[in-house]
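Sharing a structure with you now.
The letters A, B and C name the chains in turn, as written, and every chain counts its residues from 1.
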Amino acid sequence: MSGLLGLYNYWIVIILMMTGFYAVIARPNLIKQIIGLFIFQTSVFILFISMANIEGGTAPIIKEGIRLYSNPLPHVLILTAIVVSLATTALGLALVVRIKEAYGTINEDNIHVQDEED
Amino acid sequence: MSPELTVLACVALPLLAPALITALHRWPNPRETATLLTSGCLFLLVYSLHDDVLRGSRPAIDLAEPLPGLKIGFEVEPLGMLFALLASFLWIVTSVYSIGYLRSHHEWRQTSYYSYFAVALGSAMGIAFAGNMFTLFVFYELLTLSTYPLVTHAGDDNAREGGRMYLGYLLGTSIILLLLALVWTWSLTGTLDFRAGGILEGVVTPGVAGILLVLYIFGIGKAAVMPFHLWLPAAMVAPTPVSALLHAVAVVKAGVFTVLKVVIYIFGIDFLANIPVTQWLMYVAAATILLAAIVALRQDNLKLRLAWSTISQLSYIVMCALLVTPLGIVGGGMHIVMHGFAKITLFFCAGAILTATHKTRISELNGIGRHMPWTMAAFTVGALSMIGIPPTAGFISKWYILLGAIETREAVAAGVIIMSTLLNAAYFLPIVYVAFFRTPNDTLESMPGHNTRDTDGEAPPLVVLALTVTAAGTLALFFLPDLPLDLMLQLSGGSP
Amino acid sequence: MLISDLPVLQVVIPLAAAPVCLLLRNPRHAWACALIASWLVLAIALMLVQRVHAVGTLSYAIGAWVAPWGIEYRIDMAGALMVLVVAIIGALVMPFARRSIEHEILEKCTGLFYTCYLLCLCGLLGMVVTGDAFNLFVFLEISSLSSYVLISLGSRRRALTAAYQYLIMGTIGATFILIGVGLLYMMTGTLNMVDLSQRLPEVANTRTIMAAFAFVTVGVSIKLALFPLHQWLPNAYTDAPSVVSAFIAATATKVGVYVLLRFFFTVFGMQFSFDAMHVGEILMLLAVAGILIASLVAVFQDNVKRMLAYSSVAQIGYIILGISMASAAGVSAGMIHLFNHAMIKGALFLAIGCIFLRLGSAELRDMHGLARHMPWTMAAFVAGGLSLIGIPLTSGFISKWYLASAALSGGYWPLVVLILASSLIGLIYMWRVVEVAYFHVPGTMMHKVREAPAVMLIPTWLLIGINLYVGMDASLITDITRQGAEILIGEALQ
């Protein structure tokens, strides 16, 4: 029981990761691919944050009387990673806008067809 | 100038000559003078070394060390001396011939032609004087690359095809087989120096040595041992003086020279004699001699016939090397020189015929001896030398080859030499016969575009001068073979 | 004082120069700013190599926070070599860039271009010098994000899809690395590479660490375009602006290889990577497949940039092949080829950049008879090609020699033959270009074509010069790589 479901945070991570990954691979719509990529990255953030949690620990603020608190480092790391991921998403979406301007479509299959014709 | 510096100058001079030749691009006469001057100086430089070498000194100089332990360095020994003398002397003659030939054909890109020619000769010098196998390999590849633009000089589709074959075969064999052999030898022995008695004895088992020998012999594609011989006929798309360079002066001679070097200084002939593979490879060379001669018999194109004849004659030298006896080595070395003189004469004649009459086929040569007596007389001398009939140079080398074969009791080798002599006669004598004793074809006389010069004339004087010199050389070497013979005997350390 | 700050200065200078470029409206000024920054980086790189050579591994604590708590910058001989590669290429493409960029990129984007270029340079240098696993991820993303932008600036619309495709694959790769780093942190509680390497053996047999290893390996393999994870590379190199192709081809994948080396040897240790995880066998197989397949594909390409891109995939195979032998000789051979290939590919792409400037195309069919009009450019291309094939007296020969002898001493017979034989495939595809440029009759369009300007030819020939110099005297580079390989392997053995 606690073996499989006790680690439910990992299950969430895996489900999210596969959802995102599937969208990236299988969706022809470029916007949906970017969304999938974002979900994929988010799952990793949850992985980091959930592992920082310590049972019974509080927020990592030094205060009288509190000896047990969560590991602050993963939070800091993930803050950086979120920034990176936002930048990636923004850049990806900007590219999609440019692709839409250049090709008139955001469907990957149509773009391939147009590239073949060039 | 100290001998060491002279060695360096011998390699550097032709490699630097293109700068001068290119600078004189706009003035053809000074440009050709530059080529002639360079070749003349080179020969004098090489000749000035020869006394020292005969006296037993071995001038050596190291230039660079691209990889730790692998030096670019030069060392002059008798065999290299012989090759360098041959190449530098024939360069002068070929330059004279080239001037006459290119000008009468109004060839394009003459400047780059002379430049690459000089680089090719510089590479040949590098091969001749290489102090270790690595240096030799470097210049071997440089020679391939510098002759590629010469082979494809015409610049048309044919030339491109021929160039592809040329580059593919020569780079292919040298990179896959020869380089593999070098890396392997290096990893086994830690050196690639040329040493008397070889560097492999005692280090490798006969089995490994056998594989290495196969890699070396076939890896040296320039020696054109079957089945890596097809580049030679393909390279016949080149202008005639280039073919002469390939066949007589630099390329194929560099190949067989490398074979001799490997046999003598990498393996050592005593060590090779104990390896069973040696004999098998000798049979391959023997087969090449006969097969190529038979193919030559069937060629109607004069240059192609000469090309196949070269394949056959090269294997003489490879076979000599693989007889692994001092006499065989002497024979092989002598044959480099003798065949060089005879073959260059034949190519010069083929080019002269092309220049004067625009004929390339043997079947068109009826009665040509009456119009071009000098050329065909020279051709006859060359042909006799190829067969090995006295008083021509070819007799001397064949004599030593036969002695070597008899000494080792190789009945196969001796038989092959006799058979091939007959075949040589069969494919060369008919040309001489039709040229002098048949009446000219009528069709040729009436061909449009023929002016009177064609019917009564020799090729341009410079062309005739060049082929006369080499034919005279072929005769002279019969009577005065001392220079090459002394060098070869010093190498083998014995008396005839 | 300043000397001890060199490791960080190297990263800070391009990072600080990048916004300046953005603010300078005038393209010329932005170019001058990027030029000065990249040359400063080269000067620092040379000083770093000299210092590492003199005093050994350098360590620098960012903000004086001592490792393993603070971020450590750490440069050993292998790192110094990589810094040098990136800095040389970075400095040499800049003089080339002005004319090429004026021709290929809209004027209003020029400032942005130089900004992204400097960010990319900063990211690549940071990846090399950092000794912190998470910091590595950050620098990786800095370089990747800026290179997506650089690629998308290409003149054809395909550049956009190429950049997009690279973005998707690159982000997946980077996220994999992030997962791997996270798992490592989970098990050891540290992110410092040296610290990691000391703590990992205790927990090495857990499944988490194996998963971390797999994630990191796959993630980095995407970045370095290891076959079969290379699909993003041909499109990206083909459609990017010429300068970007040259810069990225010569540096980005090489830094990827370096990161792989760091993880295999420094972080996980040779024992774990090669004995427990058998990564050597897997890499060798992929490298061999990559060499053969990518070389053969290159033969059939009609766009010369695409051909060179596939050739890059094959050449990365050679580098990985050296590493996969897991011996000092093999790793050192791989690193030699890493350096040499960076110089060769840089030179070849710059030569193609010269051609693109004059022809507006890199298609083979447009290059008929080009050699008569651009003799110096084509001569550089031929020289680079010969080096790629591995003709003696070029740097390619040195790599091939070391790779072949490393394979021989490791007893990998078939590999020796493969290494030598596949260089002939290189001969085939390079010679297609040579034949077209030298033998075909020039078309009518060709009359207007002139030789490329000297500011573009000189950097190209400088790279060729480095190739030829290494071919003549490789002692410097073999010395550096031998020390680098010994440090990597030595760390692994401790």
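The working rule: contacts are C-beta pairs under 8 Å (C-beta built on N, C-alpha and C of every residue); 3 or more make two chains touch, one makes a residue touch a chain.
Predicted model only: the values in this text are computed from it and were never measured.
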Item checked: Arrangement of touching chains [line / ring / star / complete / other] -> line
Margin query: Closest chain to the overall C-alpha centroid, by per-chain C-alpha centroid: which is it?
Written below: C
Checklist line | Distance between the centres, which are taken as Cα means, of chain C and chain A, whole angstrom | finding: 28
Next item on the list: Indicate the whole-number Å distance between the mean C-alpha point of chain A and the mean C-alpha point of chain B.
Entry: 70
Margin query: Centroid from C-alpha atoms only, then distance chain B to chain C, rounded to Å. What do you get?
Written below: 45
Item checked: chain B residues within the chain C interface of the complex -> 64-68, 72, 137-138, 141-142, 145, 152, 155-156, 159-160, 164, 167-168, 171-172, 175-176, 179-180, 183-184, 186-187
Item checked: Touching residues on chain C, where the partner in the complex is chain B -> 386, 389-393, 398, 400-402, 404-405, 408-409, 416-417, 420-421, 423-424, 427, 431, 435, 438-439, 471-475, 478
Checklist line | In the complex with chain A, residue positions of chain C that touch it | finding: 134, 137-138, 141, 145, 148-149, 152, 156-158, 160-161, 163-164, 167-168, 171-172, 174-175, 178-179, 182, 185-186
Next item on the list: Could you pull out which chain A residues touch chain C in their complex?
Entry: 21, 24, 30, 33, 37, 40-41, 44, 47-48, 51, 73-74, 77, 80-81, 84, 87-88, 91-92, 95-96, 98-99, 102-103, 111, 115, 118
